[in-house]
Amino acid sequence: MGRFVMNARENLVQQALEGLEVSDGDLVRLNRDPDFVTRAEPARDEVAVVSGGGSGHEPLHTGFVGRGMLHAAVPGDVFASPTALQVRAAIEATDTGRGTVLIIKNYTGDVLNFSIAADLLSNTHTVETVLVDDDLATSSEEEGGPGRRGTAAVVVTEKVCGAAAAEAGASVDRVRDLGRKVVSRSATLGMSFRAPTNPLTGLRSFELEEGEVEFGVGIHGERGIETRRPSGEAADLVESLASPLVEALGLDRGAPVLAVVNGLGATHGLELSVAAFELRRFLEGKGLSLERTLVGPYVTSLDMKGFSITLTALDDELTELWDAPVHTPALR
Amino acid sequence: MGRFVMNARENLVQQALEGLEVSDGDLVRLNRDPDFVTRAEPARDEVAVVSGGGSGHEPLHTGFVGRGMLHAAVPGDVFASPTALQVRAAIEATDTGRGTVLIIKNYTGDVLNFSIAADLLSNTHTVETVLVDDDLATSSEEEGGPGRRGTAAVVVTEKVCGAAAAEAGASVDRVRDLGRKVVSRSATLGMSFRAPTNPLTGLRSFELEEGEVEFGVGIHGERGIETRRPSGEAADLVESLASPLVEALGLDRGAPVLAVVNGLGATHGLELSVAAFELRRFLEGKGLSLERTLVGPYVTSLDMKGFSITLTALDDELTELWDAPVHTPALR
Amino acid sequence: MTDTGDTARLSGPDARAWFLAFADRISRGADDLTDLDRRAGDGDFGWNIDTSLGRARSALQDIDAVHPAEVFGTVSDTFLASGGTSGPLFGLWFGRVAHGPEEPWTVADLAMAFDTATAAVQRLGGAQVGQKTMVDAMAPAVQALAGTARPGWREALGEAAEAASAGADSTGGMVARKGRASYLGERAADVVDPGALSIAWFFASAADV
Amino acid sequence: MTDTGDTARLSGPDARAWFLAFADRISRGADDLTDLDRRAGDGDFGWNIDTSLGRARSALQDIDAVHPAEVFGTVSDTFLASGGTSGPLFGLWFGRVAHGPEEPWTVADLAMAFDTATAAVQRLGGAQVGQKTMVDAMAPAVQALAGTARPGWREALGEAAEAASAGADSTGGMVARKGRASYLGERAADVVDPGALSIAWFFASAADV
């Protein structure tokens, strides 16, 4: 228990939210009961962009509230969806009359609670949704399955939607369509060297032998799709993640690409920089143009050691929105 | 070996530096052979502020190169000082004729190499030094000992000196004096739940039993001053770090304080936020005014799990410089 | 049985009394519901619904309850504030029912409100009749309300309760296609779905007003 | 022994030849130096200095060596580019010596250059004579150069070499107060300091020019 800086388990998220107000009170405000985070200076006349999901992935989503990105973030308990009541209240608090775009990572609980919140407001608010399902490891042909998980592409989606909303006169449909465009042009794969530790029990969610790596992990401490024994060379690790992404996105030579090299929690900055270096080398070898990068721990899974790579096929419109000004606790 | 994203050990730092250029090439430039990092857009007529030290503490120092902070950062190998040749070259590359302030964390190797670089340039360059020795755990009465270690207060020092240098007409003496002022008004204590893993061997630098915490750790994986069995409450952990700091700095009721709640590597954002929340509560209880905060992994020790707290006694001058604009990879 | 006046229109106080009776019924049956969920799910259903209705009970003290919409809205919120699968779905159901008129409700109002609400649950939960969920009790109740010839709300709800009860019973022979029970397939086929059973109890509780 | 002309002034080529001779001496003695450092430190001294001088040897091929300052500066850089304790201190020492005039050096120039250089090493390394470091060889050599009556650089350096050698010998009875050897205290008192010994070899190598 002493291995996590927290007081009683049931206060963890609430106290962390209050801590966010301590560190970033100039940018964000915490609403309590129901809990959600909004901008300290609300937008006056913009489509509201709202996201959220379980906690334990910080800085996602609360760290992305601010000018040029989210208008509100709705945190659930660790790895658990926020309630529909929280989501509904966040929509009500941020809708300026221009409508709301909900960005939802594809997990049953999130989809249920966010959709219910939107549905219950349908007679008074315009609410559109963007479902993020970028995790290639969970692709399956199965009809009616839960579909691919939502992982680090959600950061790109939030950035692009937030930038679009900040453009004068942007409609809720345009913001939604841009979000969906990002999703349709993005894919992610992750791997882990060490599972996260459950803050409640102090136990790891899975164990690996020396030299083993869990390939295709998500962000909730679940096992991936395969346990591998890679060479230990960063070049090989990066290629094993990036190569399926290039194929899945059908990227042709010369295609402009945005890459998110994302630390899953305990991965050091030195490591992520080496991964970024290798990713550029790999993409250049494929004749692809790495136009933009985001390197750091942005979508974490508690203290998991590992990283994910997200590729997004850019075009001029997306590049411009990616470059637009942003001012949030975690991205500026 | 597979537990660290890297290729051959001897390329780790070099490739990570190239990765920094991939992620932040708009802000920083890498000089090779000798290796150091400068701003992508050099300042024209400012006192140059240069720092550096062993790698493995990222984003320190390379992540703090940019407008309003460092003009150059000189990285050594993991936990090893850069060479005097690197430091000398970085000074020569960034001196605009207005002189240079070197910010040195107090470790024998760093002090030696930085001082030698400065000394060898003494007939052509004005070089002043600021020695950062904020770690309260290494206080000792011993004459002629190595003195206190330099830890997270170096970030505050770099920020304040960088801001001072950016002010029109600031002299090298003023920038140096402000750096020394920060140091004289700052103190730090850290604790660890899990030692860092050596990227070369895959081994931890020390082992703790369940429930044990290493109190008074530095940033090189060395043991602290005491192994404790604290309650596991964040409130107690924070108080055990912050209370000696308040005493050492002689902070009186109403004193304005800047706090750095620093993650040492694998500590999660949720945890750091809870620590920030508890720190505010503690300081308020002492009648102290927590005016500014910096919460995040800024001075890491590879993948160590733990955190440190730095307090700096503010005054109007320091507050203004802390608030001045800054644009670097890790602090904006 | 409390006489609350108008027999044709469901008033706010009627609706409140109905929910209080429902909350009592759930309190008595919570362990049985949990047991069903243990056999076909993760064993938290009784606790989930009992907690939400406990919070509803105190929230209902604090409101004027001038019309049913206010009552259903209040109850919806307590369900929406809970996790799990059934909580939000019940919250959606009651919340959609609360879109009914802001005055006492006729049987036609009731029929309309439960119809839209059930449609919303089906749309968002994705469950069809026959997939062993709460929908298997909701859908027959909606049909009963739509088809009833009785002008009094007590009687109409009585017919809905019968239909819902039969629907819940029918889940005792179904293989689940939605929710956690679907992971168990044939192995949990003989277990009655606790969500459906709760809906049957809900309609039956109107008789205690 | 190569005749390089002027016997009063040390030329650039003289200085280069001196360093090449020094590099040879270190190559032959590297294992002995490492052994001393193993007994009183961390056992890398011989390797450290041999590597730096190896790099110096090739760097010296690439320069014109028109005057000694250029030669000392080049050697200094190869030491400054290395880690450990002795590397940067040697780099500082040679680097400060390189501040001498940009023309052939008289004995007075030599005396002045080594004096400032040794002062810099003492200031930055913090070591006094008697603390079992390279300073114990540097300081007597500086004194010998300052006090010599010999106008030829070979002879003057010969006196410096003798003084440095005596200084190095004296470390064999000292308890270290600086550097890694200080952690061992009395236990390494009888070991000669490898840094001091190297300085003695440096001055002695002038005789091989």
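Chains: A, B, C and D, in written order; residue numbering restarts at 1 for each.
We take it that a contact is a pair of C-beta atoms (placed from the backbone, for glycine too) under 8 Å apart; a residue touches a chain by one contact, two chains touch by 3 or more.
For clarity, every value in this text was computed on a predicted model and none was experimentally measured.
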item: Chain pair that, of all pairs, has the most C-beta pairs in contact; value: A-B
item: Chain C-chain D separation of Cα centroids, rounded to whole Å; value: 92
item: Rounded Å distance, chain A centre to chain C centre (Cα mean); value: 36
item: Geometric centre distance via CA averages, chain C-chain B, whole Å; value: 59
item: Shared interface positions of chain C, touching two or more other chains; value: none
item: Chain contact topology (line, ring, star, complete or other); value: line
item: Chain-chain contacts as defined at top; value: A-B, A-C, B-D
item: Touch list for chain B against partner chain A, complex; value: 1-7, 12-13, 15-20, 22-23, 55-56, 58-59, 63, 78, 193-194, 202, 210-213, 229-235, 237, 261, 265-280, 290, 293-297, 300, 302-303, 305, 307, 332
item: Chain C partner contacts - residues on chain A that touch it in the complex; value: 34, 76-77, 80-81, 83-86, 88, 108-109, 112-113, 115-117, 119-120, 123
item: Residues of chain D that touch chain B when the two form their complex; value: 76-77, 80-83, 85, 87-89, 91-92, 95-96, 99, 120, 123-125
